[in-house]
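Look for subunit A in each of the two complexes below; its partner is subunit B in the first and subunit C in the second.
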Partner chain A sequence: MTRLIKIYLVSLKNSFAARMAYRGDFFLCCVLILVSEMLVPLLTMLIYSTGASFPGWNLAEVMVLQGVFMLARGTANLLFFGIVYNTLSHVREGTYDLFMIKPVSVLFISIASGFEPDSIGTIAGGLLVTAVSAGQLQPPDGADILRFLLIFAFSLLILFSFAVLMSATVFKWVGNSRIYEIFDSITSFGNYPLTIFGRTFRIIISYIIPVSVIAFYPASALLGKDISGFVPAIPVCVLFLILSLGVWKLMLSKYTSAGG
Partner chain B sequence: MSRPEAAEKVIKQIRVMKAVAFATYKEWAAYRTHAMVSIFVGPVYFLVQYFIWNAVYAAKGSINGLTLEQMMRYFGTAALINYLIMDFADWNLQMLIHTGKYLTYMLRPMSHIYFALSQKVGHRILGFIFEFVPVFLIFAFVFRIPLIPANIGYAAVSVLLGFMMMFLVDYCVGVTAFWLTRASGIRRMFLLLRDICSGVYLPLSFFPGTVQKVMFVLPFQFISYVPARVCTGTYELAGIVLGIPQIVGIQALAVAAMLLFTVLFSRLGNRRFTGVGA
Partner chain C sequence: MDIIRIRDLKKVYKTYERGSTFLDTVKSLFVRKCIEIEALKGITLSVGQGEILGFLGPNGAGKSTTLKILTGVLFPTSGEADVMGYTPWRHRKSYVSHIGAVFGQKSQLIWDIPPLDSFEMNKAIYGISDKNYKDRLDSMTEMLGLQNIIRKPTRQLSLGERMKCEFIMAMLHDPGIVFLDEPTIGLDVVAKEKIRDFIREQNKRGVTFILTTHDMGDIEKLAKRVVVINSGELVFDGGMDALRKFSGVKKRVHLAVKKELPPFESDPGVQLISRTSPTVAELELDMARIELNTFIRDINEKYIISDMTMSDPPIESVIRELYTQKSTP
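The block that comes next holds the complex of A and B.
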């Protein structure tokens, strides 16, 4: 384990060093990511400014939800989502073999070398939106924060599973850079309260593709709202992870080294 | 230049465009499944909008003068127009400058702007077949959105002008790489600004009055907002209500002005090119 942590830290240092070769661009990117991440909250504010609203949620509450969504995405991007780009580009080039000959798990080294420093902008944005909006509401108590942290861990688990699934598909679907768009479109449901969706759809995004675990349930916990729907989603999250790891293993075995 | 010479020159340019467009079409057709991702992504995003606006309109019959049906029609039309005008001239030009490959284009007997425009034509023909048509059918028959424009002639002209405006704005963003070499940050900023100000995410009439006035004089509304409003049959921004022929006329003037600016800006950038890359 210590060895893996050391490898991860060295990879992290390398990623930072490589990114710092274009320092100006890095800082600009962080700021721009922060600005671009504000898009969904901005649109929500514009909707609420017309006097309209999402049923059962005031503006500050929706902002907390969208802030948590950004926070989860940012953390995932920083820590492990680089695996998708890593796999995508190396499989396309036919250089993924370089990961396979290293004396550590292929999955681990793909994650470790995919550290994305630019995501700091997203995390900052998420923290800012969540903190400012939560400040306008009744402060959460210790139990709410604990519940939030627990569910947030599941949120990262779901995003990790998505990342593994996406990178698994690019072994077969070589060079498909639009995989991100598929992911963004599916997870965009997670930016809004479950209450706006129809009953069937709520079941789909809670218990089949658990997108609602990314932000709706963590935000609900932080806001002291009902989270009873989260409990049945726990085994689904675990199954989703097992499925993604299984698919990864299967697709890795189909890697041909040929590029594309 | 005599008339036959001018005609010959135009025919030659059309032939060049046809050849480059065809080559681009063939090149990208190898990745047609990538284009077909839109058949999934487009309707999924639309479904999100469908739920959002159904929830929002549950308590209100009309918001900013738009009913739920008009709002859905706007989003459906804007999404489809995007498949026709989508562009990556900025990314391409930036990459060519960054790597120094732009040099090979300077040696060719045609301008890079025209080459890039021809590439876009080929790429979007592919987009029309593999993105526009299937998504149009899904919107029309699954979501039952009325998508036939109020005036097909003006709508076609407006979309064509939107196609040009999108290309010119993106090309100008790409030209900034002559000064910045690696301009991905600037690119992101402009693309975000472009998409917000062109009404991709929300009709521009939802923005505060002062912002709408600024947007009225910027070129971005002519990319997507104007074609979408022309297709839906009405135009209104910053309290200014215009007839369809008037706004399409203004759009044509804006495209002409942008073309002039792009050519001048590009010439200025070319002078800075060292051919080395970075």
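The block that comes next holds the complex of A and C.
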């Protein structure tokens, strides 16, 4: 374990050093990512400014939800979502071989070398939106914050499972760069309160593809709202993780490398 | 003692075939013809500890596939391999800590930061102690003349400097076997020599090298034994001397005479290789079919020799002959 932490830290340091080689591009990327991530909260503000609203949620509460969504996405992108692009590009170029000749888990080395410093912009944006919006509401108590942190860990678990599943597919469907768009489309439902969807769809995004765990439940916990629906989602999250790791292992065994 | 034992190693993979016309491209969106490629057709081979084995073959012969199976990257379709007591594709994680690999066309270095940072990454990955890391890094950078290089960003290094750094990446953890896939590709003669010296030095310390290359200079200067595969089959396995004599004992003759030379089209045992002028030519003599003294006497009588040098045929001509063969004789 100590060795894995060391590898991760060295990898993190190298990723930062490599990104700082182009500082201007780094800062620009952070700002552009932040601006694009802010589009959904801005759209929500526009909707509320017309007098419309999401049932059971006021503007500040929805902004907390969307801030948490940004925070989760930013953290995932920073820590492990790089595995998708890493796998995509290395498999296509045949350089994934270089991960496989290292005496550590291939999944781990793919994650460790895919650290994405640009996502700091999204995290900063998420923190800002959450903090400013939460500041307009009754402050959460210690129990709410604890519940939030616990569910937020599950949120990262779901995003991790998505990342692993997506990177697994590119072993077989090499060069599948549209995979990000598929992911964005599926997870975009996590940007909104569950109350706006029909019952069947709520079940689907809570207990089949648990997108609602990304932001809805953590934000609900932070806001002191009812989170009883989260409990049945826990085994689904665990199953989703097991499934993604299984698929990843299967797909890795199908890796064919590129011509030598 | 054998460090690598491979028995009847086969690899079949599927790929898709389509034509190059626009219609073929459109058609391939809906229907693709799946074809099976036999990359390896049953390779059996063993390598002794401390050997430098030249592993040759034309493009697409199966060299890289063999190397990828032996480095644990690919699963074979069937067959067995024992490398240092491990089956590479079954015990990948524990096995690869004992091997190193340099892929001439795939870099392990991180492009935008100095090689030293990439070395630090390998130090963490292989769990190398601070002392061993420092000792090995110092000794290898000195041997390769890289002391002032490893702190510059990789993208600013020359190809030769980068390749030398790739060797350090591959060997920091003191592997017992190092697989080299075209390690001198694109390098100038000075860089090639430096790398060959480095390989020889490491080999003296007991490191086994499996060297895949198209550069016959690498093979002649490093390998004592050569294995040639073609179309997934072994076509030659032997020493450099046996390789040179593979197509019989032959001699190259560079000849300058005073009268115009004939085209040598029907002379038994004599093949015209090149002609630089009507009176200067390079010939290849098959010593099994022609006596050297008879040839010299005849040429001198008819054309009057003004200058003549003799040498062994270049190894490339033997290799070319092997590459056109189908299977083991």
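As a working rule, the second predicted complex is superposed on the first by the 258 of 260 C-alpha atoms of A that agree within 3 Å, B and C clash if a C-alpha of one lies under 4 Å from a C-alpha of the other, contacts with A are read in each partner's own complex, and residues count from 1 in each chain.
By definition in this document, a residue touches a chain if its C-beta (ideal position, glycine included) is under 8 Å from a C-beta of that chain, and two chains touch if they have at least 3 such contacts.
Keep in mind that this is a model prediction, so the values were computed, not measured.
Participant: Given the superposition on subunit A, are subunit B and subunit C in a clash or a fit?
Facilitator: Fit: subunit B and subunit C sit side by side once superposed on subunit A.
Participant: Quick one: classify A:K6 as touching subunit B (first), subunit C (second), both or neither.
Facilitator: second
Participant: Tell me which of subunit B and subunit C touches more residues of subunit A.
Facilitator: The larger set of subunit A residues in touch belongs to B.
Participant: With the two structures laid over each other on chain A, which partner does A:V104 touch: subunit B (first), subunit C (second), both, or neither?
Facilitator: second
Participant: Touching A:G94 in the superposition: subunit B (first), subunit C (second), both, neither?
Facilitator: Once the two structures are laid over each other on A, A:G94 reaches subunit C alone.
Participant: Identify the partner contact of A:F197: answer first if only subunit B is touched, second if only subunit C is, both if each is, neither if none is.
Facilitator: first
Participant: Of the partners subunit B and subunit C, which touch A:G135 in the superposed model: first, second, both, neither?
Facilitator: Neither: A:G135 stays clear of subunit B and subunit C.
Participant: With both complexes superposed on chain A, which partner does A:G246 reach: first (subunit B), second (subunit C), both or neither?
Facilitator: neither
Participant: Would you check which partner chain A:Y22 touches, where first means subunit B only, second means subunit C only, and both and neither mean what they say?
Facilitator: Both partners.
Participant: Using only CA atoms and the superposition described at the top, report the least gap between subunit B and subunit C in Å.
Facilitator: After superposing on chain A, subunit B and subunit C come no closer than 5 Å at C-alpha.
Participant: Can you list the residues of subunit A that meet both subunit B and subunit C?
Facilitator: After superposing on chain A, subunit A residues 22 contact both subunit B and subunit C.
Participant: Please give the residue numbers of subunit A that touch subunit C in the complex, ascending.
Facilitator: 3, 6-7, 9-11, 13-14, 17-18, 21-22, 94-95, 97-98, 100-105, 109, 253, 255-257, 259-260
Participant: Quick one: which bits of subunit B touch subunit A in the complex? Just the residue numbers, please.
Facilitator: Result: residues 31, 33-34, 37, 40-41, 44-45, 48, 51-52, 54-60, 63-64, 182, 184-186, 188-189, 192, 196, 201-202, 206-208 of subunit B touch subunit A.
Participant: Sort out for me which residues of subunit A touch subunit B in the complex.
Facilitator: Touch list, subunit A to subunit B: 22, 24-25, 28-29, 32-33, 35-36, 39, 43, 46-47, 49-55, 173, 175-178, 181-182, 184-186, 188-189, 192, 195-198, 201.
Participant: Inside the complex, what are the residues of subunit C that reach subunit A?
Facilitator: Residues 13, 60, 63-65, 67-68, 71-75, 92-94, 96-97, 99, 101, 103, 106-108, 110-113, 117-118, 120-121, 123-127, 153, 181 of subunit C touch subunit A in their complex.
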